[in-house]
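Structures for review follow.
After this come two complexes, each holding subunit A, first together with subunit B and then together with subunit C.
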Partner chain A sequence: MEITLLLNTSMLLTLTIILTPTLLPLLSKTYRNSPTTITRTVKAAFLTSLVPMSLFTYCNTESITSSWEWKFITNFKIPLSFKMDQYSMMFFPIALFVTWSILQFATWYMAMEPHITKFFSYLLMFLIAMLTLTIANNMFLLFIGWEGVGIMSFLLIGWWHGRAEANTAALQAVLYNRIGDIGLILNMAWLASTTNSWEIQLSHSPQTPILPLLGLILAATGKSAQFGLHPWLPAAMEGPTPVSALLHSSTMVVAGIFLLIRTHPILTTNQTALTTCLCLGALSTLFAAICALTQNDIKKIIAFSTSSQLGLMMVTIGLDLPQLAFLHISTHAFFKAMLFLCSGSIIHCLGGEQDIRKMGGLQKTLPTTTSCLTIGNLALMGTPFLAGFYSKDLIIENLNTSYVNTWALLLTLLATTFTATYSLRMTLLVQTGSTRIPTLTPMNENNPMASNPITRLATGSILAGLLISSIIPPTKTPPMTMPITTKTTAIIITILGIILALELSSMTHTLTQPKQGTYSNFSSTLGYFNPLTHRSSSTKLLNNGQQIAQNLIDSSWYKKMGPEGLADLQQTTAKITTTLHSGLIKTYLGSFALSILITALLTH
Partner chain B sequence: RDKYRYFACLLRERFDKNKDVKDMVKATELLRAGEEEFWANQHPQPYIFPDSPGGTSYERYECYKLPEWCLDYWHPSEKAMYPDYFAKREQWKKLQRESWDKEIKQLEEETPADGPKTEALPPARKEGHLPPLWWHYVTRPREIPM
Partner chain C sequence: LSKDLLPGPYRRTPEERAAAAKKYNMRVEDYQTYPDDGFGYGDYPKLPDKSLHERDPWYQWDQQDMRHNWGEPMHWDFDMYIRNRVDTSPTPVPWHIMRKHFLIFLSTMLIMFGLGGIYPTYRPVGPKQYPFNDLYLERGGDPNKDPPVVVHYEI
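This part shows the complex of A and B:
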């Protein structure tokens, strides 16, 4: 009994600690927030959230808390209920750890910003929304968190609102998320009408119709940038690097996948939904991997790799393995945030330079950052015994040994190869080789605020895989027996990708002009998707609007009802009568005579 | 860089071979072929410096750049933080008002009849005049704000 109480109290305490910097300035007149206070708050919250996690690990406690119902219709109640189960309790420490590191990094990175405290409070608001989403037991609270992260994403991507591209990117993020929200609201409506409650654990019905599940998948497509609604994620790199690290690598983009994990019991019943997830995930992971191959901006490469890993998570959900997806979310958070922070450190040291064609030979000048970059890339590729291995290898093993779509399997394997290729390309171009940076760039790693978070996350990416996979008890038996080729598929493919990258890089050193083949064009313009959809949808909409307006208002009311209609009627009558009155007298006389003759003959 | 010089010499050679073509039709065709080749040989992802238009850092700090007339709205306690600037500020503004007509007159005289040809402003020509539109140049906000 006491253990549950301790669990509940500590989780709620974590949430309250997070809320403190937002509430304290309102209550006391002399208290001002500052970046350091917010960082320390998040660190305290992280340490507090380790308590429930260890309680869960050792005593297997889970709890659902309900309090304060919002009764606005008599039989439909929305309680404020928190679900502290495996997923939320494991996610809290991870998210808080990553956020703490990112906030510490941001105190160095954003030191020149005039409104740095506002930036930090935005990040804190985002964290609150994300944690609400995680801990929500009913769809209403989840929806609040969902919208919250969408709005904070908009505000944070458009942080430098003087820049036109940042504004368009923020708009893109909000619009694509909105399209996904339609799916979520559809699902909520269905849940409300059929099961009369928005709690998550009460939705176990034997066969769920496909429509609400498609709504959920649409919501995940929008939020997690799967293939159809993906352009906002690379465009979101317009925001400052800490924003990219927090939102678009570890936390927000996994909100969609988290939703699917939470509602997994109803997804399991319908095989079509699972197959949709699988194919969609495979397509998005391959597409993102193709696009990442020819990008030249570090942040875009890492953005596309995030997109690719999200597709992989979707594939895992399609394989009916929510726990593995969650494992991948957790491990991915560590190394992706670390990759973003390393790239932020490099960008800042080079004075705002983001193009890898202008970086090289950084291994000697920035040793810590580059080694952490290498560790991150290796973890991303799924090197044995680093973090990515535990999740990625398991996913690929399961993919190989289950009776699913071979097409999805092939796409995912190809995407894994490409992951290795572009990661290695990035590593090689950024760190090794002769240096291409402009001369006289003073760069250093002396500031501990910048290097401590990176090294902390590096330790995390090395250890987290082992720790988390040994803590979570699996609910399904993982495949144990398989032929040696299947077991080592992931490693073989990764090595193939590495060899490919090395070959290509040695080829490009001897070329003089960049060739424009069909494939490189496809990849560099992101598969022609952006201009096609953006322009076609808006022109279609405007054209339709113009047609409707023209036909309804202009032609109908102003023309046909009034003058032109009358004129047309008169014209037609006039034409008919003129054909009748042709004025040919001889013909008339002739017909007159003919008719008189006929009547005379008849009557005779 | 040496490779660039090599290819530049080859291109120059090609160009010089066709230099004496007097036939207008052929010359236009050559020009068109040259322009098409230029377009086909463009780099798919050209490198853009961060601060130039289209770059990653372009216009990033526009939202922090305030116009200079905001300085008139400062509280006197804030103005007391920069006494020497604000002591001279009224004189500067008076100077701007006085020289404005002369600047306009100079610009009107110096632009050709159908509009200005370049964006460059002419320098001050006469003794005692100030270069035209100097106020916007002198009071522009700094590139990377504090």
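This part shows the complex of A and C:
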């Protein structure tokens, strides 16, 4: 009994610690937030959240707490209920650890920013919304967190709001997320009408209809940037690097996958929904990997890498393995956040240069950062026994030994190859080779506020996979026996990708390639998706809106339905009746005859 | 603003059109109007449908964010063509080629997903091998006869 009390208390304490910087300035007259206080708050929350995690690990404690109910309608309960199960209790320390490192990094990265405290408050608001989403036991609280992270993403991507491209990117993010929200609200409506509650629960019926599940998948497509609603994620790189590291790699974009993990009991019942997830995830992972091959902006490469890994998580959901998807979320958070922080460090040291064609030879000048970049890339590729290996290799093994769509299998394997290729391309162009940076670039790694978070996350990238997979027992039997080729598929195709990258880089040194080709154009313009959809849909919508507002409303309602319409009607009737007032006897005789005929017919 | 500086009705005579062009700070050759079909455009000029993305980003405009100089006539749909909305700048690849390649990609993917669903991959399976000669006696076989040897595996 007391263990559950300890669990609930420590979890609520974590949440309260996070809320403190928002409440203290309101209660005290002299207290002001500062970046340091917010960083320390998140660090304290991280240390506190280790208590529930260890309680779960060693005592298997889980709990669902319901307090205060919103008495809106008498027969529909919306309580404030928190679900503390393995997903939320494992996610809290990981999210808080990554956020603490990113906030510490941001105190160095955003040091020249005049509104730095507002920036940190926004990041804290985002964290609160994300943790609300994670711990929510009902769809209402989850929706609050969902919208919260969407809005904070908008505000943070458009942080430098004087820049028109940042505003466009923020608008893209919010609109694409909104399209996903249609699906989420559809699902909530179905849940409310069918089960009369918004609690996330086990399904009682053997078969859930496909429509609410498609709504959930649409929500995940929007939030987690699957193919179809993906353009906002590369565009979100307009925001500052700490924003990209926190939101668009570790935490916000996994919210869609997290939703699917949470609602997994109802998703399992419908095989069509699972196949949709599988195929969508496979397509997203390959498409993002293709686009990442020819990008030249370091942040865009990492963004597409994120998009590709999100597709892989969706594939895992489609394989009916939510726990493995969560494992991948956890390990991915570490090395992806570290990759973004390393890239931020490199960008700042080079004075704002983000193009990898203008970097090179940084291994000698930035040894720690580039070593951590290498570790991150190796973890991403699934190098044995680093963090990514424990999740990625298991996913590929499960994929190979399941009854799956063949094309989805092939696409995922191809995407794994390309992951190795573009990671190695980035590493080679950024770190090795001759240097292409301007000669007078003073760069250093002296500031501990920048290098400590990176090394901390590097330790996490190395150890997290082992730690997390050893403390959570699997709920489904993993495949134990398989031929050697199946077991080593992931490592073989990764090595093939590395060979491909090395071959291509040696080709660029010796042969000349044409500037444009069909496939390189397709890849570097992101599959032509952006211009095709953005230009055509927005032109049509805006033009039609103008036509409706100006022509339909103005001319039809104000003219045709009003004065001009009335005048036309009156004119028509007047024209008809004047023909009868002609003054000819024939007309009058005709009208007499007509009325006698009608009377005779009526009385007959 | 005096009455002759405001937009007015559709101009018919060439002198009126020249005066309207001068009012809008345009040359008479450039001055095109919307057709007079009762939708209220009047003498407002019909400027080419080009978004602000196509204007020079490096030139020092009077209003740098709108890329617009003082007194320059604004497009009727200017709020559609600002830098946060529609971009009409020429793409590196022509539109029809973009559309064709994207639709080829998408259709190939969908067809292959369909084929992959018809021919899925799975671990090799075989019928279950029961003991006692595939349960010959339990399935009602004659105890006096020799049971046929049924083997579902290979060594």
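Throughout what follows, the second predicted complex is superposed on the first by the 534 of 604 C-alpha atoms of A that agree within 3 Å, B and C clash if a C-alpha of one lies under 4 Å from a C-alpha of the other, contacts with A are read in each partner's own complex, and residues count from 1 in each chain.
Criterion: contacts are C-beta pairs under 8 Å (C-beta built on N, C-alpha and C of every residue); 3 or more make two chains touch, one makes a residue touch a chain.
Everything numeric in this text was worked out from a predicted model, so none of it was measured.
**Q** Just to be sure I read the superposition right, which of the two partners does A:114 touch: subunit B = first, subunit C = second, or both, or neither?
**A** Touch partner of A:114: subunit B, not subunit C.
**Q** Of subunit B and subunit C, which one touches more residues of subunit A?
**A** C
**Q** Quick check for you: in the superposed arrangement, does A:160 touch first (subunit B), second (subunit C), both or neither?
**A** A:160 contacts subunit B only, not subunit C.
**Q** Quick one: classify A:279 as touching subunit B (first), subunit C (second), both or neither.
**A** The second partner, subunit C, only.
**Q** Taking the superposition on A as described, I'd like to know which of subunit B and subunit C A:534 touches: first, second, both or neither.
**A** second
**Q** Under the stated touch criterion, which partner chain does A:357 make contact with: subunit B (first), subunit C (second), both, or neither?
**A** A:357 contacts subunit B only, not subunit C.
**Q** Quick one: classify A:296 as touching subunit B (first), subunit C (second), both or neither.
**A** Touch partner of A:296: subunit B, not subunit C.
**Q** Go through subunit A and flag every residue that touches subunit B in one model and subunit C in the other.
**A** Common to the two interfaces on subunit A: residues 164, 516, 521, 525.
**Q** Spell out the residues on subunit B that touch subunit A in their complex, using ranges where they run on.
**A** The touching residues are 3, 7, 40-41, 43-45, 47, 50-51, 56-65, 144-146.
**Q** Spell out the part of subunit A that touches subunit C in their complex, as residue ranges.
**A** 164-165, 167-168, 171, 275, 279, 283, 400-410, 482, 516, 518, 521-522, 525, 527-529, 531-532, 534-535, 538-539, 542-543, 546, 550-551, 554-555
**Q** Quick one: which bits of subunit C touch subunit A in the complex? Just the residue numbers, please.
**A** Touching subunit A: residues 38-40, 65, 77, 80, 83-88, 91-93, 98-99, 101-102, 105, 109, 112-113, 115-117, 119-123 of subunit C.
**Q** Can you name the residues of subunit A that touch subunit B in the complex?
**A** 112, 114, 160-164, 166, 294, 296-297, 352-355, 357-358, 512-514, 516, 520-521, 524-525
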